[in-house]
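Next come two complexes, and both contain subunit A; in the first it sits with subunit B, in the second with subunit C.
Then we have the complex of A and B:
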């Protein structure tokens, strides 16, 4: 019995220590190191570096191209945010008894499991001004007037890239919502229906409040994804023309690797961390503090 | 709520940790030195103080070398011709791991990360513009026969040390379709104005029936394909291959009258002429090269390596010709042509078998390997002991300009690159910006002057 107790303690100890050690080694320490590097002028490969106090932070705030990139991130953020209700509707629809629901679920989720770089390449050709499929479709339906320079018009390019991002990631959100909806107890919903609740009331008063944890996660994923979007603009436009479709992460990676300024890139990485937390807290306050409270009242 | 924020913070740190994990752990503070640097110092000191060691017998040299490359043509040739097996016939106790990296951009990223981790491959390649960046991590190859027989290596020596041996001599060409020129009544241009006129005539002639036609093909979406104009024209304008280095010595290198301003004004004039098709920023290099091969474009400026790509895209290239980019203003000016060493093969200080790595470099440039390789690719030989006749298509450019003046291009040294990095000066991106509506080149160059001067002061560059 004593031995069993000892083994139990060892098991608990190891179960705590190993993940904690991995977390400290691969997450906490690099994060602190990132923070330290953000005060240096390290070029990414030299053995030496200097502490330059807040110079990187000052430089970052004065960088117009970085601000432009951040504005471009906002297009992804709001695009995906506006799409969340539609994703929810799709999830409810696919959770209900729908003919060929499995086929639709597969189709919805498929873009997410395809390699992002491959998708970006495919869409580059799709939106190509010469022999591009999208322009050909518009021509086929006699909408030539709508043909534009999809990847080179600074006013359009971010919306086109956001559309590609929506095509790729919406299915993931739909599947998450579906998983949450399917875990709801049937008896509560059936009881509501017996009490006369229609589909909309069921959705608004039973399903949505019950899956708020998942909605929270999707909202957080939206902030993280929008601020860290990289592969789609990198492959489809290289962030161009100029910086018209650059994103915060794209600019950060260019700063680190193209311009050999790891110190400044670390500062930008710290800024992303802070922005994700701040935007999430603000969003959380708005949704839980204002919208849902108003609904309850 | 506090717990949630803490959990959120931890999640974000996990994401950030991925970035930091790639770059941390190598440096040891401002006074620290890495093992790699010590090895470099030791090696370099040793080279200066001791007599050269007698060459080791091939059986004595043993170990495994990592040979990192990005070139698809080289990889194909290595696979098809069993490079490792052939090397092992001479060095039976040696092995080589060839590591292919997707493209040169990825290559530099990987090499930078490996530098900080003291894990550079034994043998690596450099471009003229990266030699300076990696110079502390490359061994002096001056003693090798390969270096002595190379026509360009000594021209890129740093502090008297040859840190890389160029595998090819790189020339830049303008590819064109002779039959299309003939039909449109266009002659091969000899000056910049003639190039503009030729492009306009071609666009007018073929563009009236084909709205997709491009007189000049340029995959500006990728940004880098504008390098024949944006990278080389400042050097060609004044015949100064050291143009980037000279710019680092002045506070206003983009001022009126400077080579770079004159060159970029010319480029801007050309790029805003509507001779690059309906959407030059909407397509990348692969797309426009394919379209050029299918005669949807009449002109394409690329390096000699581009010939293979064009030939891969068509069965009939009998009408394909080349000329050199005519940057000069009038026929009385010298006709300048860029030449640069390309793919500088070097041995790194991180190599555990530097003698074997040097032996590999020597073998690579010997009769046993180099002649077969250089004849396989379209690029020119850089070795005086293995001259190569140019491909007839590329030789046409030489025939058109028998009195050309060669300009040996330097990609820019430490000072230039420090300023370039500090102000994020990207001439290839600048070129693609010229295609955007409302772009003001003059204002952009004035702004660059201001930033340049500030960077020089900040970095203490005289």
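Then we have the complex of A and C:
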């Protein structure tokens, strides 16, 4: 018996040692290293650096372009937040009795699996000011008055990129909501229908409560996703014109790899991590509090 | 009866509108890829050129680019090696975490959870130094080691799957004198095949589509992947949308093809990752 216990221990150790070493070495350690680097002025290549206390944090809080970028992130967040009801509607629609539902399900998720760089270029073409397709669509329906420089007007560009993000990621949420809806036992829904519940009551009293956990996940995914928007603005506008479509992650990456200020960039990276963790904890308390209260009633 | 027919019609209309929105940017890019430079101006962006003027020269230009093959080869190599290790480490880690109790387990679970929560892009600022220090900069080793170490979604899929395998199976195998390793390799691993199919396909799509890691760690021309090939190709075609359009279509195709053929596995795995714990 003792040897079996020993055999078990050896097996656990041998199985986990490499995955754990990789995780610690390439994920956990770098994350902690960001904290240390955030107190230095390291430039990314010199052998030496200075310890500069909170200077990076002070300059981060006074950086207007960074605040502008964070505001841009907020637009992505609210855009995706407003889309949750639409995504829910499509999830309900595609799980209901519907001809060609399978084809529509394939289509709704397709943007999510398409190469992000390729689709960003495709949208650059779509919105391009010369022979762009979007302007052609507007002309075709006699809305020429609405034609703008979609990607170079500082007032508009970030909203256009948010629309691209909605195009790309909404289908993912639809599929998640569909999975949650399909995990509902069918007999509960049928019983409710027999008792005379209409589809709105079915949605409100049976489907919504049971997908609250998935809504919770999608909300968190929205926040995390919105804070980390990177490749759409990077490919389509490089954050421009000026900082009109810059995002927090894009600004952070540029600070490190373009302007060689690894110390300051680490400080921003720490800020992103702190934001994600704080939101995670707060949201967990609020949403779970709500769900639990409803269960008690 | 009449009401439900109307409802069906409205549902169909909404769905068709969705399909149009999804397909529009892709189809319009495809149209552009078939146009000559003159037709980019002469025909509407919403239409194909007249049949006789459809040209394949843009596609020839992309397919004739010697770096496209380089991109295919590198992406393929990264895929095979990363996915092999992802499956190997993913299955065994999930097996241990699902089936065994040991003192360090809470610590290990916490570390994996932390690994999921840590935002990937900004971590590169600190990871860059480590990759450089190991001499992996400008080698295929950089993306491989990062994908294997940091992309952890397979753990959810495997853990969920293993929890559906009855424990009595483990016990009877051990009673029959099977070692723990034998139990894992001969009994558990084969049962995980459907989950592995999901993992392979989702990982393949993620890796093919990833831009940032190859872009950051492998600036060398010989180390182009499909995605960084497109970025270079785009920079070289300044303003020549029809050529770039052909490049976009060529680079989109591999994942679309994978998706169309294996969507069952993809849709099965996507929802499995949606757990906050």
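The rule we apply is simple: the second predicted complex is superposed on the first by the 251 of 297 C-alpha atoms of A that agree within 3 Å, B and C clash if a C-alpha of one lies under 4 Å from a C-alpha of the other, contacts with A are read in each partner's own complex, and residues count from 1 in each chain.
As a working rule, a residue touches a chain if its C-beta (ideal position, glycine included) is under 8 Å from a C-beta of that chain, and two chains touch if they have at least 3 such contacts.
A quick note: this is a predicted structure, and the numbers were derived from the prediction, not measured.
After alignment on the shared subunit A, the placement of subunit B and subunit C results in a clash.
When both complexes are overlaid on chain A, the residue A:104 reaches subunit C alone and has no touch with subunit B. After overlaying the two complexes on the shared chain, residue contacts for A:217 are found with subunit C alone; subunit B is out of touch.
Legend: residue contacts after superposition of the two complexes on their common chain; A:18 is shown touching subunit C, with no touch to subunit B. Contact with subunit B, but none with subunit C, is seen for A:244 once the two complexes are overlaid on the shared chain.
When the shared chain is aligned, subunit C comes close enough to touch A:93, but subunit B does not. In the superposed model, A:78 makes contact with neither subunit B nor subunit C.
Of the two partner chains placed by the overlay, subunit B and subunit C both lie in contact with A:26. Legend: residue contacts after superposition of the two complexes on their common chain; A:262 is shown touching both subunit B and subunit C.
In the superposition on chain A, A:123 makes contact with subunit C only, not with subunit B. In the superposed model, C is the one of subunit B and subunit C that contacts more residues of subunit A.
Among the options 43-51, 97-105 or 151-159, the segment of subunit B that ends up inside subunit C in the superposed model is 97-105.
In the superposition on chain A, subunit A positions 26-31, 33-34, 37, 44, 125, 128, 131, 220, 224, 228, 252, 256-257, 262, 265-266, 269, 272-273, 276-277, 280, 284 are in contact with subunit B in one complex as well as with subunit C in the other.
Taken together, the subunit B residues at the contact with subunit A in this complex read 4-5, 8-21, 23-34, 36-37, 108-109, 112-113, 115-116, 133, 136, 212, 220-223, 277-284, 287, 291, 296, 417, 420-422, 424, 426, 429, 432-433, 435-436, 439. Against subunit B, in their complex, subunit A makes its touches with residues 26-31, 33-34, 37, 42-51, 65, 124-125, 127-131, 149-152, 154, 220, 224, 228, 237-238, 240-242, 244, 252, 254-262, 265-266, 269-270, 272-273, 276-277, 280-281, 284. Remark: subunit C residues 8, 11-12, 14-15, 18-19, 21-26, 28-29, 32, 40-41, 44-46, 89, 92-93, 95-96, 100, 102, 108, 111-112, 114-115, 117-130, 145-146, 148-150, 152, 179-181, 184, 205, 208-209, 211-212, 216, 226-227, 230-231, 234, 241, 244-245, 247-248, 251-252, 255-256, 258-260, 263, 266-267, 270-271, 274-276 touch subunit A in the complex. Touching subunit C in their complex are the following residues of subunit A: 7-9, 11-12, 15-16, 18-20, 22-31, 33-34, 37, 44, 90, 93-94, 96, 98-100, 104-111, 113-119, 121-123, 125-126, 128, 131-133, 136-137, 140, 167, 171-172, 175-176, 179-180, 214, 216-217, 220-221, 224, 227-228, 230-231, 235, 249, 252-253, 256-257, 262, 265-266, 268-269, 272-273, 276-277, 280, 284.
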